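Here's the structure we're looking at; comments come further down.
When the chains are written out, they are named A, B, C, D, E, F, G and H in that same order, and each has its own residue count from 1.
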Amino acid sequence: MTPESLRELLRRFRSGELSEDAALEELARLPFRELRDARVDTHRALRQGLPEVVLGLGKSVEQICEIVKALESSGVNVLVTRVEPQAAHEVRRELPQLEHRPEARLLWLAQQPPHQPGGQGESGSIAVVTAGTADSPVAEEAAVVAELFGNKVERLYDVGVAGLHRLLASIDVLRSARVLIVVAGMEGALPSVVGGLVGRPVIAVPTSVGYGTALGGVTALLGMLASCASNVTAVNIDNGFGAAFVATLINRG
Amino acid sequence: MTPESLRELLRRFRSGELSEDAALEELARLPFRELRDARVDTHRALRQGLPEVVLGLGKSVEQICEIVKALESSGVNVLVTRVEPQAAHEVRRELPQLEHRPEARLLWLAQQPPHQPGGQGESGSIAVVTAGTADSPVAEEAAVVAELFGNKVERLYDVGVAGLHRLLASIDVLRSARVLIVVAGMEGALPSVVGGLVGRPVIAVPTSVGYGTALGGVTALLGMLASCASNVTAVNIDNGFGAAFVATLINRG
Amino acid sequence: MTPESLRELLRRFRSGELSEDAALEELARLPFRELRDARVDTHRALRQGLPEVVLGLGKSVEQICEIVKALESSGVNVLVTRVEPQAAHEVRRELPQLEHRPEARLLWLAQQPPHQPGGQGESGSIAVVTAGTADSPVAEEAAVVAELFGNKVERLYDVGVAGLHRLLASIDVLRSARVLIVVAGMEGALPSVVGGLVGRPVIAVPTSVGYGTALGGVTALLGMLASCASNVTAVNIDNGFGAAFVATLINRG
Amino acid sequence: MTPESLRELLRRFRSGELSEDAALEELARLPFRELRDARVDTHRALRQGLPEVVLGLGKSVEQICEIVKALESSGVNVLVTRVEPQAAHEVRRELPQLEHRPEARLLWLAQQPPHQPGGQGESGSIAVVTAGTADSPVAEEAAVVAELFGNKVERLYDVGVAGLHRLLASIDVLRSARVLIVVAGMEGALPSVVGGLVGRPVIAVPTSVGYGTALGGVTALLGMLASCASNVTAVNIDNGFGAAFVATLINRG
Amino acid sequence: MTPESLRELLRRFRSGELSEDAALEELARLPFRELRDARVDTHRALRQGLPEVVLGLGKSVEQICEIVKALESSGVNVLVTRVEPQAAHEVRRELPQLEHRPEARLLWLAQQPPHQPGGQGESGSIAVVTAGTADSPVAEEAAVVAELFGNKVERLYDVGVAGLHRLLASIDVLRSARVLIVVAGMEGALPSVVGGLVGRPVIAVPTSVGYGTALGGVTALLGMLASCASNVTAVNIDNGFGAAFVATLINRG
Amino acid sequence: MTPESLRELLRRFRSGELSEDAALEELARLPFRELRDARVDTHRALRQGLPEVVLGLGKSVEQICEIVKALESSGVNVLVTRVEPQAAHEVRRELPQLEHRPEARLLWLAQQPPHQPGGQGESGSIAVVTAGTADSPVAEEAAVVAELFGNKVERLYDVGVAGLHRLLASIDVLRSARVLIVVAGMEGALPSVVGGLVGRPVIAVPTSVGYGTALGGVTALLGMLASCASNVTAVNIDNGFGAAFVATLINRG
Amino acid sequence: MTPESLRELLRRFRSGELSEDAALEELARLPFRELRDARVDTHRALRQGLPEVVLGLGKSVEQICEIVKALESSGVNVLVTRVEPQAAHEVRRELPQLEHRPEARLLWLAQQPPHQPGGQGESGSIAVVTAGTADSPVAEEAAVVAELFGNKVERLYDVGVAGLHRLLASIDVLRSARVLIVVAGMEGALPSVVGGLVGRPVIAVPTSVGYGTALGGVTALLGMLASCASNVTAVNIDNGFGAAFVATLINRG
Amino acid sequence: MTPESLRELLRRFRSGELSEDAALEELARLPFRELRDARVDTHRALRQGLPEVVLGLGKSVEQICEIVKALESSGVNVLVTRVEPQAAHEVRRELPQLEHRPEARLLWLAQQPPHQPGGQGESGSIAVVTAGTADSPVAEEAAVVAELFGNKVERLYDVGVAGLHRLLASIDVLRSARVLIVVAGMEGALPSVVGGLVGRPVIAVPTSVGYGTALGGVTALLGMLASCASNVTAVNIDNGFGAAFVATLINRG
């Protein structure tokens, strides 16, 4: 409930259009309506121009279509993450208005212009850095989401720690970013190295890339958390979306 | 190598004092000399008014004293973390100029005024939130470090999820912060709940508080990373310092 | 051995038909014969109007059919849990008298009216609460089983901790229940929050929903056991049936 | 805010005593005031005659004393759990009014008569069962807490599964209980066996008793959760208090 | 080197056909030649009438056929374990002389009469006991292997600890065995209970039956090793063959 | 209930002293009374000349003394395992009749001659083999217990797999044993090697010797269970007593 | 930046073509340019005659083809590891010039003669040893890679520790190698045994062969690292390529 | 059996002093006698000038003294590793001839000149590199052992990946080594970075330095094994000695 509608309710009560009991009834449900309003309030994504987000992982094509349609009718931008190619194909047969970003496993429905960041400070760029080519799907999820959220994104891929020269050759890209998303599987050492090279927040994204002792991303994650660089925080394994979400909040100042 | 010494080298070469081969030799080794200069460059903490930080955990009193003296002579602010009461007492017998913050297990040597944040945008406050009273040492490490780094800090302690009313009663504190540090042990649910209430980055700090299935902080950490709230990132178990470090970088805009 | 047959034995002994040694021999083996009777006694489910339960997981269609037929002939109600759609289809081709509850992955054969709870006290309702929509299959298993066992069930779905307002808006439903089943995957924080809001037993059911650090339900489980709310107990991952079974025993007073 | 006070507010607004802006202001803050009221509501322990509980584990003597004094002044009963003998001695030097139950590692301050259970139904007894003598401290914590909470408690100790006859010899005690707390370390098999013998809820408490593959209680816990008996739920390792708390809620009907 | 060839060497040396140095040279390499003979010696299975055993798990149909043919030509009995139905079908198309035991996932080629146990003492029977019906494939592997190895086998299936009466009703079977193989998944409590009832060695076989905290057999295994019964040893998860092998060695006296 | 008292009951019934109903009542409770008799029956250790065993680990000197005194009065042999030197010293100050075997961490009270094995077959010797000198305490626990249980024991220590010649030099000792106890920490490879050299049951005892990836004995245990030798079973980490117990049961034929 | 271009820069500066500031600017960026040159330097594989290596695992046929073509044009030898049969077939339909080594899961493009080792010392042979036949694919990966890298390779397969005689019979092969690669799954004991027999470096390769407590290679790995032989180091599970790579570096002297 | 005694045996046989059967008997036992000789043969350390090594960890002062004395009498060099200061002090009170290297936790008895490496090729230097100062004890163990084994050692300490410039400034030291030992705790990223900079074998030593997700060295170890650099192998956590041992074998060519 917006302040305006609450004001309206009070006026209708004073004018007699609404009986005391009806007003009471209405207001008695306020805490939660208010919370329902708060719900909108916590729908900060919408208010901030961020789209509604649906995790496609483990949902059927039918479920995805149903949810997207419901969100579409509310006029917001809609983002579906973790959509495999075949599922994306089937969803778009029913909802051809969705844009498909296969490299990032995303479906996207733009109904509003992307939010222009700014807030308190001038926003900068988000650098998305990967250790190996196999980390690309997660990195693209992060990069495309960050772009859809209105950020300027710089990609720096395949600069793993076993070939430092590639990383160092692009140190300007790293140092000019407001916040960095560093994506790595296997031993997950890249965020520590990048963290030591820059004075900005580094969001580390472990990936499930690798075999054996890579333990499906757990080794990379543990290493990122035990990092000797103090400016590194981590998100869940393969969670490119979450990294982009937090990076956007940081970038907006 | 400072710009001045490089300029000097060039002049000596032009003047003939240095042969082409000698100059070449000198310059060929530049990358690492330059990097030795860059070393200063990566001393971003110093340049940004952040103190040099020494992890006290596992160091002897002698080692702490030796390192602090070396840093003191360079004129920077010095922060020693994870110092147990007895060790702090002994260090200060030799170095009484160190300030002791026992609640945060910190020693502090101020030789310069705290950095005034600002940067691109206006900086805000950092909220430090805990689930239980046993999380206080870690939270105080975060809060005091953030203060020493020049941030405005709001503390909100003992508002664990099993007593939601306490948390909700202080929702204004949560919503007014630029970035939040949420400290919790046991099941580590608080960052998810706080993350759902605010539109700002939440840095989750798992603590080793609890017993049995709390697994010394691992359960809280896993839960924070698997959080259903998209604005949550995590640092290592009990790493209050790291959370404050990143929060400062975010807050500076 | 029934009381009747024991009485008969005694009579045969007194009449001299059975010698002392023969009676002694017979009686010496009583413990286990008696226990064979006790076997019926531990068939508490049957006596209490609860159905016989078959875990479908890992059983072939043939095995399920064979067991159901054997139980059918004894006149009891029969419940088969964890039956995937295709298996359910095939079982019902042979046993069309089975009712299929696909949303709960259950097959159900009603041969007796549901038990009317009551016992010592008046029974109440069981609330089944979920954190996310992906937890529904497990929750439905719990809810439908509880209904089939004769309980009144209130469903409250998709009220995860990252959107507290949805949960708080239904606090009356939570508080009016005699016992609550709270189903959650990922970080599994919901039972702690619900536990703090009510004064009744909360049975937490971790689900294998999530990815990465969700560890297939282990993280949710560990968190539920390390819960800061004292009224929470846990069952195995995805064990909706078990939660409903215990909730029924609690609800019967 | 009660309905009455809300009605009053509406009247004051209609009468003009309250301006539209003032009413709006008042109503806008309703959710949390209401929740602030709920705060009292969640103090269910107090309302139900249960004592306030303080986890002594990891708290200093000073901290325990300070908290107990604060609670004492509010007139409630106070329970301190996990107090080692030396700490208990020191606390009681300052607060001799506390009763010490060393076998259960509890301190107890009775300021009100124990709550008489009853509620909807007639309450029964709680059976506390252990596998071995080493499980006694945890079992005593459960048993004494249950007694202090007003329950009738039956103890059945040292009836582990490798000596079934001891367990079976006391089957009447098991079957007459309204709810059972079964405490076991090592392989933790006892709750499964007891669960198969009774038709009541069994709360399993794993203990950290054992060595090697007992893994400090983790093996017992995993086994209890994977139990083939459907009426078993589990609490955290060594959490005798939690088991007694839930058992009390179940027993009260 | 057979005794005969060694004797021959000695004779050639004495006859002067072989010089001292040549004989020395020949003998100096004896350890490994001798060990090559010892190779036959460690073929204890053959000498004891036990078949050669091939682990089918992870081998292709071609590989199985090739190995079986090689062994067939040497005249020994051949046992192939862990053969899935389709693979067994294909192997027998090429080698129809193999007997198929689908319930035990075994292929069997009898070329010699089963060994008649006896040895030092009179051999007894081996009891194979299971907790649930889902443990049958592993139990049948153990039972059929034990039979093929010439043991008398008693099966006692589906006597899990949650229904003690079934187990106790057959206590005579348990007590009359020379050695017991107890097969259980989930919480794996049955070997502890059986171990307490008998005075003979109990070989515990954990199975991968169960879900969630059963952890694919790890929970059962850990519990069996932490057993409170002193006469229990364990083999690998699902290793019915190994249990039968050891039981045979024990039974032979 | 002894056979005598049952016979008495029958006579009292026939004489009319006991009514049919009273006899029925009495007999109906027989299972557990009978089992109470069975209780003695499961005291197989006593009947077989094995001592009563007390696990000293985690028990106080007072508790050990109390239990030993109780057992002493019943005339049986008593064995206390895992007694550290200081505790042993204190126990023997009160109970000087106990023999101390410090190398095996055992206390021993002989009140009866050791049982002479034999049973069905001729018993043989038990070989106790260790990989390194650090495994000695566990091995001695096994060896001394086996001796106290009346077995002939052969020790073969410090023959780890990294120095095969030492092991092979004693192959006669290995091959002449009826059953082998092989004790190893670190990578725990010795039981596999020994298992391949002999045709008898090998009981593997992992020890907590080692550091890092030895994981306190878990690595050795896992390796022993995954052994490529089919005649190996395992007991819990450091459980020398359990190995000796089972070896004795095997050796008795 | 090559020495030539640096020399050129100096000349342009001395000639006045470049101002001091411009030269300074240019030189200030040297570190990373220089490192860009270093990039070639770290292409040690190429310089040493080692091929470029592509990990096929998890790459699509399209990706493999694209990378191979790019490398082919640079004239180097190309090695693709972990290529399953079907993928290899499809890749070679497009790139028939690739040699397929199915037993080692490798594709190989030779454009240059294999490097002739030598370096400082005379290179020796690499022994590749396996415990069981199921370890062959990993061993062949190691053996073929080592051959393609120009080493002499001796294979010694299926000499697991449960049949020592086979291993000992080939001790000459073991002792004549300059470096040994020992491949084993299950309990992974072979490297310890081999390590004790030779005075050369042993590279242990755990394989994912086995079931249950083999834990997909983790048990073998842990055991190899906890080895009692001091000359053993380990690589990742199933990493035959890495072992061959390091062995080549050792063998080259 | 020495060649001489074997020659003697042959002569006694030819002379008729020994019958054919007696000679056969004698020779049949040769394998293990011969292996008893081989025992000396596997004393490769001695033959190669390497000292005998005693792991001090977990040994008492008495045990250390006894072993050292035994070895001293055989004239070899003796190395005792992992000796804590107090123990070293006590050992040297009895054996003052031992040299103490406290920084490396070693005791050292030189009775022979250090072996001069060389072998097939020219030996080079061993670089010992650490990530942080806390890794020094392990690194010093490696460095001092390597020196005692006759290698030239270059130390490069405290060059962790979060401060790359320090590492790069010493790249010449890295590249001039024949083999590198890289010691790191926490996330253990340094070996991957160093591995990418050099074309020589890198032996990675994880240390137990760190807290929380460092998991006592397990995280560093897992990361080292999952390294993206192909020239990295790993040893056990904190195993500086093992790394030096293997590095020496590599360095000797």
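Quick note on the criterion: a contact is a pair of C-beta atoms (placed from the backbone, for glycine too) under 8 Å apart; a residue touches a chain by one contact, two chains touch by 3 or more.
This one's a predicted model, so the numbers in the text were calculated from it and none came from an experiment.
Trainee: Using the contact definition stated above, find the chains touching both chain C and chain D.
Mentor: In this structure, the chains that contact chain D and also chain C are A, B, E, F.
Trainee: Between A-H, E-G or C-D, which repeats the contact pattern of A-G in over half of its pairs?
Mentor: Repeat interface, by the over-half criterion: E-G.
Trainee: Based on mean C-alpha positions, I'd like to know which chain lies farthest from chain D.
Mentor: G
Trainee: Give me the superposition rotation angle from chain A to chain H, based on Cα atoms, as a multiple of 5 degrees.
Mentor: The two chains, chain A and chain H, differ by a rotation of 175 degrees.
Trainee: List the interface residue numbers of chain C and of chain F, divide the shared ones by all numbers used, and answer same when the ratio is over half, different when under half.
Mentor: The interface is built from the same residue numbers on each side, given that over half of them are used by both copies.
Trainee: Nearest whole angstrom, what separates the Cα centre of chain B from the Cα centre of chain F?
Mentor: Here chain B and chain F have centroids separated by 55 Å.
Trainee: Quick check: how many Å separate the C-alpha centres of chain B and chain D?
Mentor: 39
Trainee: Quick one: which residues in chain H touch 2 or more of the other chains?
Mentor: In chain H, the residues touching two or more other chains are 31-32, 35, 38, 42, 163-164, 168, 196-197, 212-214, 218, 221, 225-227, 236-237.
Trainee: Identify every two-chain combination in which the chains touch.
Mentor: Applying the touch criterion to every chain pair yields A-B, A-C, A-D, A-G, A-H, B-C, B-D, B-G, B-H, C-D, C-E, C-F, D-E, D-F, E-F, E-G, E-H, F-G, F-H, G-H.
Trainee: Okay, in this complex, where on chain E does chain H touch?
Mentor: Answer in residue numbers: 3, 6-7, 10-11, 13-14, 20, 23-24, 27-28, 30-32, 34-35, 38.
Trainee: Can you check the complex and tell me which residues of chain G touch chain E?
Mentor: Residues 134, 163-166, 168-169, 171, 209, 211-214 of chain G touch chain E in their complex.
Trainee: Tell me, which parts of chain D touch chain C in their complex?
Mentor: Chain D reaches chain C through residues 35, 38, 42, 44, 47-48, 53, 119-122, 124, 196-201, 203, 221, 225-227, 230-237, 241-243, 245-246, 249-250, 253.
Trainee: Quick check on the complex: what are the chain C residues that touch chain E?
Mentor: Touch list, chain C to chain E: 31-33, 35-36, 38-39, 42, 57-59, 63, 206, 208, 217-218, 221, 236-239.
Trainee: Going by the contact rule set out above, which residues of chain G touch chain F in the complex?
Mentor: 131-132, 160-164, 168, 186-189, 192-193, 195-197, 210, 212-215, 218-229
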